[in-house]
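The following pair of complexes shares a single chain, subunit A, combined with subunit B in the former and subunit C in the latter.
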Partner chain A sequence: MIEFTEEQIERYSRNLLLADVGIEGQARLLNGKALIVGVGGLGAPAAYYLTAAGVGTIGIVDSDEVDRSNLQRQIIHFTSDIGRLKVSSAEEKLKSLNPDVKVIPYQTRLTSENIMEIIADYDFIIDGTDNFPAKFLINDACVLTGKAFSHGGILRFSGQTMTHVPGSSCYRCIFEAPPPQNAIPTCSQAGILGGVAGMLGTIQATECLKYLIGKGDLLTNRLLQFNALTMEFRTVRIKKNKQCIICGESPTITELQDYEPPICDLKHN
Partner chain B sequence: MIIVINGKSENITKEISIEELLKEKKIERPETIVVEINDEVLKRTSYGTTLIRENDRIELIYFMGGGH
Partner chain C sequence: MTTYKLNITKEHCPMTFVKTKIQLSKMAKDDILEVLVTEGEPLENIPKSSTEQGFKLLGIEHVQDNIYKIRIKK
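For the complex of A and B:
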């Protein structure tokens, strides 16, 4: 059992007051390891809340630099960070927010070559990526290695998220394969309201915290969707798909593959 | 007959297939969505042959790829 310092008892007092967190839950958070893929619209708020809550080890993966157009929603990056690596900018803020947390930056794009090694050490993975090749890669790697993860997708005023744990339905149970290239607009093409990214990123962070403390009902076997214009939230039941090509009865995917990212996305995320 | 699409009740006048429903809903590119009927994901190849029945619960689930 972790010995809490006086500073920690004060810092985490609102967590400790919660019957479902308490000393034991806080110790689990401090021992927990979360990986955030993409420190952008989803990853920025997620990283903040996980760090503030005292998740002991937080990995952040991103290969990009901060662009002025990111600042409308990627709240971990400031105007003075334009041009800096996103992982460096994020690492600095997170360490300043909570020195208890060990932040591990990975300045890279996830590929089938590096993902297994990077996720191996983590308890929970947050998908905050902005493209389908990465979303399918994260799903596949987590399903194949039995890791828990949160899928997140946003567009314009809408968001969707589901949580996968070993044995529950996966992203491919719904979406078998990526859509045709350029069939779905990206946020850089169609826009995204900054607050909507924050809403979804904080839901993903909350799922991670619940998973680490082992309390509540995760968004497993269901997909939460919302539209911020109508402020309607809906949860769609997603049964484990027996025909799922990675987690079904006769999977055809047994190893990782890389889908080609759309060219237009490489520069404008 | 009454069916439920994305949680909302709708009245359709005649028996139609999923393919026809998508046309009616002006979803021009069916590959951009997933259709679930009564909690089961439907294969895209059976949209033309799957007829909608009274009280079916249909979900049209969109891909969302954004995050950054």
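For the complex of A and C:
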């Protein structure tokens, strides 16, 4: 039985009160390890909630620097952080929010070369990336290594998310391969309402917390989609695809591959 | 079966039930916890929250002034 300090009892009192979290659940959170890929619109709120809840180890991956245009939605970065590395800016806020949490920054872009080593130590991965090559790479790496992860995507006023655990349907069960270049605009081309990023990143964080405490029903074999303009939510049932090229009966993908990164002529990010 | 004692007369909501819950979590099934509480919020909520979370309320007795003893079985 883990012994909590008086400060921890006070800090986590609202978690401890919950029948589905309690002492055991809080101990699981403190022993939990989550990796957040991208500390942007999705990763920022996710990182805040996981840190506040006391997830003991949080890895953050991002190669970018903070830009003024990020501040409208990437709430972990402040005006004074413009030009700083996003991982440094985020690390500082998270440590300040909760000194119980060990924050591990990875100032890099995930590739087929480094992803296996980076995800190896984590229990749950949050995909907070803004491009399809990264989303497929995260899916493939997690499926091949049996890791749980939350997929998230946002555009304009819409969001979608699903959770994968070993054995459940994966991102490729629905979307076999990335769409053609420029078929889907990126957020920097199409725009995104900051609050929509917050909604989705918060759902992803909640899935991670549920996974770590082992309670509730995850968004597995379901794709949650919402449109914030009409504020309508729907959940689409997804069957595990026997023909899935990575998790089906005869997978053709047995090792990682890197898709071409998106070409964008706008100012970076 | 062991009886444990807990004094939460100096605590305020929600730490009253948080402390009760932490003590109960350290105990074995069928152990008994005697919690000293003040009247008002703790006296109303500790029995309610305890039964909601699956513990058995054995009884409440007046100790002195505004202090009560709540007996809970895990």
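In this text, the second predicted complex is superposed on the first by the 266 of 269 C-alpha atoms of A that agree within 3 Å, B and C clash if a C-alpha of one lies under 4 Å from a C-alpha of the other, contacts with A are read in each partner's own complex, and residues count from 1 in each chain.
Keep in mind that, in the parts below, a contact is a pair of C-beta atoms (placed from the backbone, for glycine too) under 8 Å apart; a residue touches a chain by one contact, two chains touch by 3 or more.
Predicted model only: the values in this text are computed from it and were never measured.
Chemist: Answer with first, second, both or neither: which of subunit B and subunit C does A:L155 touch in the superposed model?
Modeler: In the superposition, A:L155 touches subunit B alone.
Chemist: Look at A:G146 in the shared chain and tell me whether it touches subunit B only, subunit C only, both, or neither; answer first, second, both or neither.
Modeler: Neither partner.
Chemist: Taking the superposition as given, does A:R234 touch the first partner, subunit B, the second, subunit C, both, or neither?
Modeler: A:R234 contacts subunit B only, not subunit C.
Chemist: In the overlaid three-chain picture, which partner chain does A:S13 touch, first (subunit B) or second (subunit C), both, or neither?
Modeler: The second partner, subunit C, only.
Chemist: A:L223 contacts which: subunit B (first), subunit C (second), both, neither?
Modeler: Touch partner of A:L223: subunit B, not subunit C.
Chemist: Spell out the residues on subunit C that touch subunit A in their complex, using ranges where they run on.
Modeler: Residues of subunit C touching subunit A: 14-15, 17-19, 21-22, 25-26, 49, 52-54.
Chemist: Could you pull out which subunit B residues touch subunit A in their complex?
Modeler: 6-7, 29, 31-32, 34, 36, 39-41, 43, 59, 61-68
Chemist: Report the residues of subunit A in contact with subunit B in the complex, numbered from low to high.
Modeler: Touch residues, subunit A against subunit B: 38, 40-43, 70, 74, 127-132, 135, 152-155, 158-160, 173-175, 179-180, 183-184, 186-188, 192, 197, 223, 225, 234, 236-239, 241, 243, 269.
Chemist: Report the residues of subunit A in contact with subunit C in the complex, numbered from low to high.
Modeler: Residue positions touching the partner: 1, 4, 9-10, 13-14, 16-17, 19, 22-24.
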